[in-house]
Amino acid sequence: MAAPASELTRKDFVSSQDVRWCPGCGDYSILANVQRVMPEFVDKKEDVVFISGIGCSSRFPYYMNTYGFHTIHGRAPSFATGIKASNPDLSVWVVTGDGDGLSIGGNHLLHSIRRNMDMQILLFNNKIYGLTKGQYSPTSNPGTRSKSSPQGSIDYPLDPISFALGAGATFVARTIDVDATHMQQTLRRAHAHKGTAFVEILQNCPVFNDGVWEDVQDRKQRVENSISLVQGEPLVFGTPGNLRGIVMEGGDPKVIDLDDEDDPVSKGVVVHDEHLESTAYAFALATLTRPECPLPVGVFREQRKATYEQMLEQQIEDATSAQGAGDLHALLHSGDTWTV
Amino acid sequence: MAAPASELTRKDFVSSQDVRWCPGCGDYSILANVQRVMPEFVDKKEDVVFISGIGCSSRFPYYMNTYGFHTIHGRAPSFATGIKASNPDLSVWVVTGDGDGLSIGGNHLLHSIRRNMDMQILLFNNKIYGLTKGQYSPTSNPGTRSKSSPQGSIDYPLDPISFALGAGATFVARTIDVDATHMQQTLRRAHAHKGTAFVEILQNCPVFNDGVWEDVQDRKQRVENSISLVQGEPLVFGTPGNLRGIVMEGGDPKVIDLDDEDDPVSKGVVVHDEHLESTAYAFALATLTRPECPLPVGVFREQRKATYEQMLEQQIEDATSAQGAGDLHALLHSGDTWTV
Amino acid sequence: MTSKKVEKRREVSIRFCGDSGDGMQLTGTKFTDETALAGNDLSTFPDFPAEIRAPAGTMAGVSGYQIHFASEQVYTPSDSPDVLVAFNPAAARANIGDLRPGATLIINVDAFNKKAYQRAGYTEDPLPDLRERFHLVEIPLTTLNREALSGLDLNQRAIDRCKNFFALGLLSWLYGRPMKSTERWLESKFKGDVLEANLRTLRAGWAFGETTELFPVSFQVPAAKIESGTYRNITGNQALAWGIVAAGQLMDRQIFFGAYPITPASEVLHEVSRHRNFGVKTFQAEDEIAAVSSSIGASFAGNLAVTVSSGPGIVLKQEALGLAVMVELPLVVINVQRSGPSTGSPTKTEQGDLFLALYGRHSESPMPVLAPSSAGDCFTTVLEAFRIAVKYMTPVMVLSDSYLANSSEPWKIPDVDTLPRAPIQFATADDSGNEGFQPYERDPETLARPWAIPGEAELEHRIGGLTKEPVTGNVVYDPVSHAEMMRLRGEKVDRVSADVPPVEVDGADSGDLLVLGWGSTLGAITAAVDEARKAGQMVSRAHIRHMNPLPSNLDEILGRFKHVLLPELNTGQLSMILRSRFLIDIQSLTKLAGQPFLVSEIRDAIDSILNNS
Amino acid sequence: MTSKKVEKRREVSIRFCGDSGDGMQLTGTKFTDETALAGNDLSTFPDFPAEIRAPAGTMAGVSGYQIHFASEQVYTPSDSPDVLVAFNPAAARANIGDLRPGATLIINVDAFNKKAYQRAGYTEDPLPDLRERFHLVEIPLTTLNREALSGLDLNQRAIDRCKNFFALGLLSWLYGRPMKSTERWLESKFKGDVLEANLRTLRAGWAFGETTELFPVSFQVPAAKIESGTYRNITGNQALAWGIVAAGQLMDRQIFFGAYPITPASEVLHEVSRHRNFGVKTFQAEDEIAAVSSSIGASFAGNLAVTVSSGPGIVLKQEALGLAVMVELPLVVINVQRSGPSTGSPTKTEQGDLFLALYGRHSESPMPVLAPSSAGDCFTTVLEAFRIAVKYMTPVMVLSDSYLANSSEPWKIPDVDTLPRAPIQFATADDSGNEGFQPYERDPETLARPWAIPGEAELEHRIGGLTKEPVTGNVVYDPVSHAEMMRLRGEKVDRVSADVPPVEVDGADSGDLLVLGWGSTLGAITAAVDEARKAGQMVSRAHIRHMNPLPSNLDEILGRFKHVLLPELNTGQLSMILRSRFLIDIQSLTKLAGQPFLVSEIRDAIDSILNNS
């Protein structure tokens, strides 16, 4: 674990408000983990802002003893954009849900990701609208029976990771509500990234979509059904006696069986590299679908590019050195004037 | 060229309205090509509906002598969704621009693509807001100097093809305003596809963004700067003496030089396959960026999946056979009633 | 059956309250069904806190359900319940303020331990004080329920979750409610041990009533004399949903319903989704803008289109509604109003969106607006909205609210055969004259333009949101065409007046005071006026359902009264419109607390006007 | 210089019109600059057709620019130009209706061939008729320009494109305008042959005037007596942009400007973008919702935030504006109103969005609203909007319109040192009391809550759109808190009255008729009242700039006049508000044609009231 950056402790980030999620909701553990890692990131909690939209997940800011803004449905990334542009020194965190972020808010998420401001976006994906009591969402499995789809949903689901990569994200990761260690690692990576860090957090909604992530939440099933992406490590998963690896065939990822004693790399198993120039590889990983393939968790991609706010500040500097600091009198008298 | 499906001719699709684009606008040739191929697609022009948002490009429906709806900015795919769901027999075409479709309308485009209704979406990409007189758009090249970005734009551009693939598109293609033959082929393919066919059309705006596509519009430069995707053909481009091909390295596409007498396939050059199960390959093609790599034109991907309207009709059928045809009296008397 | 004395009561109101997890809404609904089947008139008011489950035992988590039933007509859930059933101290504390001294307060005394009452915010044991102020009945509900269910193969939590049915059994006994409907419902919903448990505790509750000395008498509320017919309970949202389904049947056309979930409107979507066998197409869009846009698209293609939402969602739809006004396509927009600006209090009620309906689009963008006044009226109003939309080729907005949405009342089921059938007339090739088809040629009477749908030969045409020439619909920029189309759109909506029946006055035709209302305030206003009359005051009453255009006799009626009182759950929106239109000093009674009017609030306003004049 | 006779004129109005491609806007602007430098008062009205270039030579493609200048005060661009310069038959046909019989009509006679006049919709040669009705001056503009530029290395198209400068030269001679500013501008804009061509034809136009027999005299319009000071021409959009930049300077805080392009508001974004050296951050968002949301975010973070749009875009912002009302953060929202519902006529003018500003959000969501009344006033109004926003912690809407946006007037440049400086006071750790920081504690006078920005220690707090408790801002659902916060939000906006100066009456303090106005109608109303007075009528005039809250002396003023006439470019929105508020029979004069009022329209209304009373 990284050394704390500050004197702050987890408790400093706990607000006085009663937490209003249902018992057993995956949001609790996400909250706990975020509160746990925050002291590593900042040494003044007043520099932290949590921004959310509307949804169960979007209640998050109320429980963080930092600055917080619970905005309107789907628009949190836009509010965050204004906040970060106004004060680039702040540590800006967006919390959203699969409905808030990908249904009504899909466009803002897309464009925020594209602009690459230095902020973290945590998308809690429970594949359902929790707050409005259980309608299917854009990430719901096909055929999901919900209040608004009594015969099963007929929308093809959106994959948040593919979406983010398609938008040109510079940092994309996935983690799971119940895996505290992995989540904390992922949050650290997201925070360390200079640019927009998009993190999908798989979250259980025990009330309206219980068990939808069971195959990767359950410790036993997880080893078979997920693959952990680790920089420089070959893409191998499963348990001894049943090891498998990921190879690429002309751009398409495939699963191959491995013997325990195999050297995966010599078998063609891909070595994970977050930093490839092109997004193609990360996207290929995102297309892995269960049950045939394991679900990747960890960091899909990290790429360093100038952030929007850096370039904005730069333009202000450039303009100032080219035109001189703004002079209101001169502005008002620019061009043709006449004196009476 | 496919045989006409009807007695109709190009002229039947020309409306009485004066065309109001600037002289030299790329929209003219798109209009002409669409009018030219329509007789191949339908035998009754009343079955055709063109729907657009707002923008120069979105004036399109006025010039087509079919049913047409010039709606509001960014929402054309949603209007089209309602039209197609209401009457699946119609041939539904959406015309949008890079601003209309990818800026304000990004979310509707995303979700329409995801739902896979059987319609064609033509996105005219001139990398600028034409109608509002020249502001940069989400597809504008970095550093574009425009009315709203006098120091150059600082947004990273969105690639329409990657976006569509990230949304799970079942048909994705790109063509160029000035290449009539290629455009007509592409329109035929788009029309033949059962599902949402997304077509990016590179379009010149001589007034506000002249020459932005010159390297692929100009016939001479085009051979060096673009690669034509043809099913079953190796990805080779350039001219004899300067042939090059695309290979995949662990999911990442690269350009290699070829000798004229080389067999490209044995050199590892990829053979184009639109129908691969996973989107990874198509996405890899979309990441090809000039000047290092050529810009692919043609069909990136085609995949057959049930359309939204088919599934919707199916659910109505299923419900009807399970519950019987709707009986209003029975509905009103369902559950507990009492008689006074 | 019971050996205890039975007393008659004319009316009773009961409020069940407890934690969100205690099943209060269910208990209330089942008691309501029993009551309806017992032949009483009734009115209910479910009042739940927020959208997600609050921490157990806190004030924030309290959920309530009130029912008022009688052997005569019932207009409201009643200002103050006769009986409060409180499952925990938080529920007691949150609701006690509405109770009259001496009213009956039935509590689960097992839940009144120190930890619990402190969690509720009591600093000391509230029981001594409650005993003093109310007729406190202390029942060890948890214990009794556990005893009743001992031996069943269920864990403690599952057992405790049944205790609301014990209470229901007890209250059913107390007011002689037949439990058949509840038993039937349990049988349809559960099986095995869970069914057994619920049935057993329900009956144990009844038996407890019969034997306990806590209740020396039980009560009987004779059936009300109501119009003959077949009845059912219905909530406003259910009635809206059925109205939508019915419109498709009566107009012989498929329904397209574009929606995005939002409290308190989502149930309309849920309910309609269940009836695909009527050929209705529900479409859950990615947001409200897509919901309304797809609906307008569907209307263009010839479906009967409807979109349903609440405050924030309606705001988002306004740009597209402006387009619907411009292209003159039929569309029904239902706004189940909720409380407060921005996210506000999503489960609470208000009538704050009248201005939004009329003026919430840029420029001048007129649209007919209707407001139902009771749960059952929601059904009728939706049908009327569709009729107006199609006849005049216009979007129509319906203003329901959270109170109507959730509260229920007995509804006389209409005879389907007598509901007006109005198959739709689309334009045909015959409508295409020498000059070709003219999409903005108007019906001389209604000013409606033709509805020409894709697929129909010779009617190809283009529409859009730009200013257009009259008749041809071609895009133009000249001031004359612009002005003429602005005028025509306005006049068309004015002509809907032809379909607006005159307002009826209940009571004397003229006099000192008219209490005017619209929408969901009908019950409270009627009850207040009723009381006032019983107290000898001369008060008349009228209720508006057509908010735009207004009934044409309104001017004349208002002129006949010395005072006009207009209660609204907003800052006086209709009042402002009428004051401006008629230059009459209408007195506005406003309330903005997320709650419906109390009868007493309106009575007080009546008193104060009559006493000062 | 010239040997011809020079006559004096008190005032002249000229309209240049031609194809969109003919450069009429440029010609008009340059003539305007020359006129301003000549010391006249002036008013202009650019009127262009649509957003994209229409087919050449058609009515749809006609673009016009009118200027009215005088040696006395000028209030409007004038109802009817004295001189119409028409570059082609379509331009003549589209504008001729506004011309008085006998007025001067200067045409490019080269463009009046058969093909051209038919394309314009004339069935026969219009010249004979025009000669009869007007003082027709037939100039072979195309030919003369070609002659002037022969020998230059430019193609025909490039040469023909210069002919507007020939016309400008000619008109400059005719009215004795100094061409220096135009020459300077050309030199800054072009170089090489293009510069040479424009300069040459400009001077050729002047020389042609001097020599041709078509114009026996030239005219002189002496400088106006205007307040001393330094002046410049300014359009409303430019003034808005500079007001925004100035606000940042005067309040010593960075500006964040979130916007999405839309006609006619985009130029404000363009202009502000050019001044990043003032530390302004312009942000072109993906849509209007993101534009306003990012602006509110910026305000939360302590920037001075502004968002600018027009009708459809403002509608889209309303949901977020409701949140701004709820979280009580300062924000300036500028609506450059355009004409018609839906997409309507984007380049045309209207005052249709007053209701939208006041009532376009769900529930009750009060917001101060200001309306500038002239191009220059846009600057002042923006500064005032920022002051109110910050002082009262509230969003404020400014209603400009397309007419103000594009028309220009001489503007006396304010002395920067006398502009009020008001550095912002943010909350500090000292504002955090024993109970911790209370985000909804209010200033007792203004009711403003503290502005506490991220980065400031000990003030961590959470805000949002849910109903909240007074003082703490904690999320609650109880009716009492809900009602209290609804009341407080309303009262806070009412208290802005303290900063609203009383309305001033121009003319007698009481009498038969007061003409009341708001926004961009000031010029037309002033001119009409002026004319009426000159004709001996007793008419007073008052203009409202604070639309909400209204000036507190309004009631009293209205009461002193027998009649009140209120001209508005809508169906009578302010009129409705005032009628309702004061129960006074205000007479509404409305116009919805996408055009500003003519002076004569208001005069007629004045006459009709005074003659009938």
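Here are some notes:
Should a chain be cited, it is by its letter among A, B, C and D, assigned in written order, with residues numbered from 1 in that chain.
By our rule, a residue touches a chain if its C-beta (ideal position, glycine included) is under 8 Å from a C-beta of that chain, and two chains touch if they have at least 3 such contacts.
Keep in mind that what you see is a predicted model, and the values were worked out from it rather than measured.
By number of C-beta pairs in contact, B-C leads over the other of A-C and B-C. Averaged C-alpha coordinates give centres for subunit A and subunit C that are 40 Å from one another. Annotation: 29 Å between the Cα-based centres of subunit A and subunit B.
Look at where the CA atoms of subunit B average out and do the same for subunit C: the two points lie 45 Å apart. In subunit C, the positions touching at least two other chains are 50, 60, 276, 286-287, 312, 319, 323, 327, 342-343, 464-466. Along subunit B, residues 54, 72, 103-104, 106-107, 110-111, 138, 151, 155, 312, 315, 318-319 each make contact with two or more other chains. In terms of which chains touch, the assembly is arranged so that all chains touch all other chains. Contact residues of subunit B toward subunit A in the complex are 103-107, 110-111, 114-116, 138, 151-152, 154-159, 162-168, 248, 250-253, 270, 276-281, 283-284, 287, 305, 308, 311-312, 315, 318-319. Touching subunit A in their complex are the following residues of subunit C: 50-55, 58, 60, 259-263, 266, 269-270, 273-274, 276, 282, 284, 286-288, 312, 342-343.
By the touch rule above, subunit C contacts subunit D in their complex via residues 49-50, 59-60, 311-312, 314-316, 318-319, 322-323, 325-327, 337, 339-345, 347-348, 350, 352-353, 355-356, 358-365, 464-467, 476-480, 482-483, 486-487, 489-490, 570-571, 576-577, 579-580, 583-585, 591-595.
Of all residues in subunit A, those touching subunit C in their complex are 18-23, 54, 56, 59, 72-74, 103-104, 106, 129-133, 135-136, 138, 147-151, 155, 207.
By the touch criterion stated above, subunit B contacts subunit C in their complex at residues 15, 17, 44-49, 51, 54, 61-62, 64-72, 75, 78-83, 85-87, 89-90, 107-108, 110-111, 312, 315-316, 318-320, 322-326, 328-329, 331-333, 335-340.
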